[in-house]
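Step one of this worksheet: look at the structure below.
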Amino acid sequence: MIKQERMKVVDQQSIAKHIFELTVEGSLVDEMAEPGQFVHVRVADSFEPLLRRPISIASIDKESKRFTMIYRAEGRGTQILADKRAGDEIDVLGPLGHGFPVEQAEKKAFLIGGGIGVPPLYELAKQLNSRGIETVHILGFESKQAIFYEEKFKALGDTHIATVDGSHGTEGFVTHILNELPHDFDTYFSCGPTAMLEAVQWAYPQKRGFLSYEQRMGCGIGACFACVCRTTKSETDYIKVCSDGPVFPAGVVIS
Amino acid sequence: MIDMTVKIPGLELKNPIMPASGCFGFGKEYAQLYDLSQLGAIMIKATTVETRLGNPTPRVAETSSGMLNAIGLQNPGLESVSNSELPWLEQFDVPIIANVAGTTTEDYVEVAREISKATNVHALEINISCPNVKKGGITFGTDPAVARELTRAVKEVSSVPVYIKLSPNVTDIVSIAKAVEEGGADGITMINTLLGMRLDPKTGRPVIANITGGLSGPAIKPVALRMVYEVSKQTQLPIIGMGGVTDVDDVIDFLSAGASAVAVGTANFVNPFVCPEIIGKLPERLHELGYDSIQELIGRSHRL
Amino acid sequence: MIDMTVKIPGLELKNPIMPASGCFGFGKEYAQLYDLSQLGAIMIKATTVETRLGNPTPRVAETSSGMLNAIGLQNPGLESVSNSELPWLEQFDVPIIANVAGTTTEDYVEVAREISKATNVHALEINISCPNVKKGGITFGTDPAVARELTRAVKEVSSVPVYIKLSPNVTDIVSIAKAVEEGGADGITMINTLLGMRLDPKTGRPVIANITGGLSGPAIKPVALRMVYEVSKQTQLPIIGMGGVTDVDDVIDFLSAGASAVAVGTANFVNPFVCPEIIGKLPERLHELGYDSIQELIGRSHRL
Amino acid sequence: MIKQERMKVVDQQSIAKHIFELTVEGSLVDEMAEPGQFVHVRVADSFEPLLRRPISIASIDKESKRFTMIYRAEGRGTQILADKRAGDEIDVLGPLGHGFPVEQAEKKAFLIGGGIGVPPLYELAKQLNSRGIETVHILGFESKQAIFYEEKFKALGDTHIATVDGSHGTEGFVTHILNELPHDFDTYFSCGPTAMLEAVQWAYPQKRGFLSYEQRMGCGIGACFACVCRTTKSETDYIKVCSDGPVFPAGVVIS
């Protein structure tokens, strides 16, 4: 069920250039299930900034009723978020949307992420591993300074890193790595910039894949029609990223 | 006991609070969060004759204390609204105000005729003011004579009272209000969004794919309040006021300025529970202010 | 080196930044804080033929990301401005844009004729849009024909180029802009404030003694930007843009939308150093964006 | 000279019902001179709330470069101010306006204050005392819970308190006390609600008096004409509270 809760900030860390890891606690965590779902965060009690910010759930700890978000503090709202300290409260609406269908993977899955699309793949990797699925992580970042969670992913499976400037791992995009890897997986899951999602679908036309999309949002729950995309189904068909997604099977969304 | 009820043409409201059109879909999403029967009424998303896909994305952008939207009247079309959305809403004890949009007078007439037959539709809200459609919409709301004739045409076919939704993007909103009054409108809803724009300073490109969008939220409240005040002073029509309402004192302001009921739009996105929260706080706030009923408060700014 | 200069009729600006009329008095107060010669220009407070006392207080009220004002054109009158305020400003190396207001065409003509003779007045800004005066002012700005004739009359007597300041409280701002273009205007300044209102929820009384006031500040920026974009697309006149500018990226936005220079109003109250701060930051920001001059940036949103 | 400075919060205390005492530090204090001057405070970096708040200087400590404000946290801006803690910074513009002319008092002065008009009288009392002037303090508050600085004023001279509800001192307004006191002073200084200032002027038509006025402000420095009052001088004469005042001789301002 979707809840709105003033959650307690437990920890906030700067983990890479402009990247923060924020852990909060509250009973809303009881409602969380699928990796790839997101929350809609109100960063201040003021109406400036007005809108909530959609942030993916990066990892869930049901026992301690905590979950973690990883975000880039770039614009006005996320910068305010980055000022929160342990003990502060933030207003969280969630969990929202439909996440990655972990039950679709059979033996081995590719998890392909770019930049701030990487965070939801971490909870996904954890859940897949606990189901006995082997995960391979192909992660793209701007530069060495922007990389986060490399060790954490490595602990869960093979991890390949690409950086645009070549300062760490393969130089270029995740697709450069994909070209080198055997297609020995049954399912892929991907989250990142739209161009990356396009490239990944292009690379594996025969595979079962699931992609997480981004759109500017208003309500975050399906009521305002801000976040729609057309689909391949028909001329008049469309989906809402916030409530029908953000995760969709490959080949469905026209982005 | 504080009397929270409001009676205006077609509507016996248990309280004066309702979500504004386009900010609440057809109710399904918010129904996951709370019982919609608490609401005074629901203004559903604009309905057009045909299914509409609306504008390309991005469709929303944030501004200082406000937001721009250019959804472009996306909706499943008259048939689907009549056969599926409205029947679904019947499970709640809440009157529906159907928001009607179109490109030609014939469009408006067709939607108004059909949708007003639904048992739970107690009033129509004729959206002559949407800034996000290229044809029709906007001119209906800016020319008094055109607005009057459209009102007449819709009144002729509607089975329920007709409220006209005014655009704030006009030189003289009172002249439009008077024109729709002449045309036989039963009430007015106001205001729709102000036409605005945001650019990305990095690229110079408009953030909204449609280039311009409608500005809503707390930023526009002073303009909305001024217009409600002017129109309520110069026409006899009941007004459902809106524009930037986020809390109970905003509601007090709109009622004071002359609105009989108040709609909440953008604030639903910020706090999805805003409508029931305001409804919960209203009786105590009225009591603090020394009023026993909503009715007493309506238009008090004119009586000072 | 980034070229910060801008050349528009009557004005050779060392940079495109100037304080907006009414938000900077006649410069004396801000001169205590920094050297006014840094500014691109100064738009001084509206000047009328006679001394004006303006409206009763309270004259200002805060709103979400904005403020309302109803100063009501208070000013010491033409004689005092000509004999005392303008000569005092001569100590600074900065062109003055004199804001001219009145109730009748004759008023405007008289002020324009006299004030345009001052050596440091390089342009006039004809305020046909002040929402806070009861007679005259507002109608001049909302009727294209009236605006055109006023422009003609003022042009006839002015010794310097004439900019007309447009009101945003109109259905079709482009039609007003075109009318003043026909009337011979040398440029446009826009926007003035949006007409708004605030009530005290405790009493229901308007907070501003004048009941309504003009809304300014970040809240109105989306409306201002949209109007500048539209007018710059449909007329040939240079535009000095304003409305909610608080930082360097707001300036970038207005230039991108088609303004040749940018005025800063309300933000001076929040940060009295805002103009020199923006001027300081502009060259670097231009450099970051890959531009060598202000000129290149002007209107880039239309060229995408 | 007027300066704008990000000053450091040294201390914030709740000293009466809704009343806070805020001490800040910075070189702006070097510019402070007259009691009765005020500062214009920006309570947040956001533009919501937009305008600065005018607050009187309640006491000045030049040596430690600190000054104190006492304010009622009632509306949106002052409530945000009340959340500031030691170590935070606030943006202060000041000192502004013209204060009480201490040199006008000869031997004995009445200091008459009401509610949040009381704070500037404290620095005034200190300065008068240090010039050897005897000060009598007549202070009005809503109720016992709203009283502040009673002991501090007592330490500087005779202090009489009135409360509207009679919960402490004389029941009623400061004028009730004034009626009882001998007119054995040469100068009075007053700050408080306009009705009180009127009553005080009415009570002492023959005395030299100085009154501090309040008006809604925009700029705070004299440029915007928000804060004007007409004067008794002529039909067209007016003053600006922010830059010509807030303190004016009795008999000048039409309020």
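To keep things simple, chains are lettered A, B, C and D as they appear, and every chain counts its residues starting from 1.
The working rule: a residue touches a chain if its C-beta (ideal position, glycine included) is under 8 Å from a C-beta of that chain, and two chains touch if they have at least 3 such contacts.
Protein identities per chain, from UniProt: A, D = Dihydroorotate dehydrogenase B (NAD(+)), electron transfer subunit; B, C = Dihydroorotate dehydrogenase.
Since we're looking at a predicted model, the values are computed, not measured.
Chain pairs A-C and C-D differ in how many C-beta pairs they share in contact, with the greater number at C-D. Between the Cα centres of chain B (Dihydroorotate dehydrogenase) and chain D there is a gap of 46 Å.
Rounded to whole angstrom units, the spacing between the C-alpha centres of chain C (Dihydroorotate dehydrogenase) and chain D is 36. Chain A and chain D have Cα centroids separated by 54 Å. In chain C (Dihydroorotate dehydrogenase), the positions touching at least two other chains are 63-66, 217-218.
Multi-chain contact residues of chain A (touching two or more other chains): 47-48.
Taken as a contact graph, the chains are fully connected, with every chain touching every other chain. On the side of chain D, the complex with chain B (Dihydroorotate dehydrogenase) involves touching residues 47-48.
Against chain C (Dihydroorotate dehydrogenase), in their complex, chain B (Dihydroorotate dehydrogenase) makes its touches with residues 63-66, 68, 142, 169-172, 194-199, 201-206, 211-212, 215, 217-223, 225-226, 229, 244, 249, 252-253, 256-257, 289, 297, 300-301, 304. By the touch criterion given at the top, residues 22-25, 28-30, 32-33, 45, 51, 53-54, 57-67, 69, 71, 74, 217-218, 246, 266, 268-273 of chain B (Dihydroorotate dehydrogenase) touch chain A in their complex.
Contact residues on chain D toward chain C (Dihydroorotate dehydrogenase) in their complex (touch as defined above): 1-2, 4, 42, 47-52, 77, 93, 215-230, 236, 238, 243. Of all residues in chain C (Dihydroorotate dehydrogenase), those touching chain A in their complex are 64-65.
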